[in-house]
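The two complexes that follow have subunit A in common; it is paired with subunit B in the first and with subunit C in the second.
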Partner chain A sequence: MLTALMPMATDDDGGFKAPTVGEFFPGELIFVGTPFAMTRINLMGLLMAGVVCVFFVMAFAKPKLVPSGVQNLGEMAVDLVQKNVIDEALGEKGKKYAPYLISMFWLLFAFNITGILPTMHLAISSVIAIPVMFAVIAWLVFNIQGVRALGFFHYMKANLFPPGIPWPIYLLVTPIEFVSTFLLRPLTLTIRLLANMMAGHLLLVLFFSATSALLLADGFVKIFAIPSFIMGFAFTLFEILIAVLQAYIFTLLTAVYIDSATSEEH
Partner chain B sequence: MKGRGDEFVWSMVGTLVAGPLVWGLIGMGVDHLLGITRIFLPIGVALGFITSLLVVYVRYGRNA
Partner chain C sequence: MKGMTVELLAEISGNVNAIGYGLAAIGPGIGIGILVGKALEGIARQPEATSILRTNMFLGIAFTEALALIGLVAGFLFV
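Presenting the complex of A and B:
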């Protein structure tokens, strides 16, 4: 019962077992041994993607001029990203990218929040394939839109040769600009999200495993189960903030990259 | 560029990491080619860092 409500790693006799990276590589559950084998995380991913799709379809399938019920929630969900990310970073030209950025934000949020949902206990985005997929799509979008807006040579020139630098210095500057714009951007997007989600999960497992092990222990050490549980609970609340914040940062940075790629001045 | 806040920090950090990384790796390669150890690596890291500071100034300081 407790393991369904709290993420924890215990050994066979219920004692304390420190969480390891093995947490992020669960065994195959269905279609075992075939190329279509799915783990618990794959199934959770499908479920959460389905939930996001169903929510938005329900909200906007039959839109009314005066919104009510689910449409109200749907409009709030759209407005949140529109006002805080798209208008902020892209301004007028953001309309074109709104479907992409809004879907990205809510999918990321859904994939992050599973880290604290009872029975799931693992952020889908704490498996590297998910942040990599989002980062590669963001990389493709900002580069393709940049090339479309400025033309290939102008786009490369704007990114690799910042104006106002004496030309011999370009020998030093251009490799740095190439690496920071074309390689480090997708890499940092991936690592920031992955590391936050992994660390959050490990902390929760650590505190709740310790709570369980301390409760089962003999003697006065039992009392330390209380602060351990309080810390676990506090970090669970903190993980809600992290789930929103990481989805926000990822979406905002993608919007900023699109804006800088499609602007004349860099 | 529009006057944005925190999101610029990430771009600046990217540039500040990329400078020492790129020129440090090039310096390490030169060390390896010449069969010497740890001469061009620190030179590359320092050069990369100074250059990345210049890029940050040009991109985000002077034109902000």
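Presenting the complex of A and C:
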């Protein structure tokens, strides 16, 4: 039966129930009652992180000059980030950050794509812990690298006192620059990823639960299950695009922040 | 006028947050439209600048879109 296959939010009587935020707080599954209690989402996160690790270890454990098999795929995965993100945003000095950015891209992709994988049906990055962790790491990386490249006072001066404006304007500009560079950057990184994955999941639940509810309804209303299902299917495809795009944008923004923190001129 | 009673003519039920999110989506919607349109215009005029324009377009979209998404999150936060 169709209802068994879909991320459902229906009542037992099959009536329609709109999805709520409760979707993102499933019950604890193992180690219940201990500080290590894990929900479905935590287990999925461990699994996907493991998949990414195993994939890259398999690809590059014994690298050959002429790649074959998994190594081909691994080199494609590295190349994709290297060409589209690192070369574009960082150029020459990107070499140092390549391992960080590439692993971040693929981890984020793995955490996003579970939103449409059958039996999982919930993006791991749609709970705030994952985006916030990635954003904090990105914040630490670009600040520490900026301080290391320019020295603390020079770094602060470059960020908070943009040159070429009359001094009274600094009263206005410096607080704005401080908030936007040191507070809003990690905040928007977090919210962008979180809200995208959250909205995507809610949309999918909405369409598929409407499909099921309409299908079980009486009378001619049944036929509206078809457009609802088509929309759900279309948004599933759209979610694949979003999973790639959000991983790309998160990595690109991190690269741009690192670039602007470590370069002299602003 | 004497004897006039206040009558309930219309009533809204449901969640006001939905309206808030609708309003929050207007600005970024227009913004992203302009942004992508201009980027495409630039690419059409100068195809050799495609890669840098596309990167910057995605950056701009990311910043613009954040506003709409904050609207979405706020809808859930301030129930």
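The definition used in the following text is that the second predicted complex is superposed on the first by the 261 of 266 C-alpha atoms of A that agree within 3 Å, B and C clash if a C-alpha of one lies under 4 Å from a C-alpha of the other, contacts with A are read in each partner's own complex, and residues count from 1 in each chain.
Just so we're on the same page, a residue touches a chain if its C-beta (ideal position, glycine included) is under 8 Å from a C-beta of that chain, and two chains touch if they have at least 3 such contacts.
The model shown is predicted, which means the values in this text are computed figures rather than measured ones.
J.: For A:Thr188, select first, second, both or neither according to whether it touches subunit B, subunit C, the two together, or no partner.
T.: The answer is both, since A:Thr188 touches subunit B and subunit C.
J.: Looking at the overlay, does A:Ala213 come into contact with subunit B only (first), subunit C only (second), both, or neither?
T.: neither
J.: Scan A:Tyr248 for contacts with subunit B and subunit C and give back first, second, both or neither.
T.: Second partner only, subunit C.
J.: Of the two partners subunit B and subunit C, which one touches more residues belonging to subunit A?
T.: In the superposed model, B touches more residues of subunit A.
J.: Thinking of the overlay built on chain A, is A:Ala123 touched by subunit B (first), by subunit C (second), by both, or by neither?
T.: In the superposition, A:Ala123 touches no partner, neither subunit B nor subunit C.
J.: Does the superposition put A:Leu204 against subunit B (first), subunit C (second), both, or neither?
T.: In the superposition, A:Leu204 contacts neither subunit B nor subunit C.
J.: Could you tell me if A:Ile169 is touching subunit B, subunit C, both of them or neither one (first, second, both, neither)?
T.: It touches subunit B, and subunit C stays clear.
J.: Please indicate which partner A:Val256 is in contact with in the superposed arrangement: first for subunit B, second for subunit C, both, or neither.
T.: It touches subunit B and subunit C both.
J.: So in the superposed three-chain picture, is A:Asn196 touching just subunit B, just subunit C, both, or none of them (first/second/both/neither)?
T.: After superposing on A, A:Asn196 lies in contact with subunit C but is clear of subunit B.
J.: Once the shared chain is lined up, is A:Ala89 touching subunit B (first), subunit C (second), both, or neither of them?
T.: A:Ala89 sits against subunit B and subunit C alike.
J.: Which subunit A residues contact subunit B in one complex and subunit C in the other?
T.: 88-89, 188, 252-253, 256
J.: Given the complex with subunit B, which residues does subunit A contribute to the contact?
T.: Going through subunit A, the ones touching subunit B are 88-89, 91, 162-165, 169, 172-173, 175-177, 179-181, 183-185, 188, 252-253, 256, 259-260, 263, 265-266.
J.: Please give the residue numbers of subunit C that touch subunit A in the complex, ascending.
T.: 51-52, 55, 58-59, 61-63, 65-66, 69-70, 72-73, 76
J.: Could you please specify the touching residues of subunit B with respect to subunit A in the complex?
T.: Touching subunit A: residues 1-2, 4, 7, 10-11, 13-15, 17-19, 21-23, 26, 47-48, 51-52, 54-55, 58-59, 62-63 of subunit B.
J.: Residue numbers of subunit A touching subunit C in their complex, please.
T.: Counting only subunit A, the residues touching subunit C are 21, 88-89, 188, 191-192, 194-196, 198-199, 245, 248-249, 252-253, 256.
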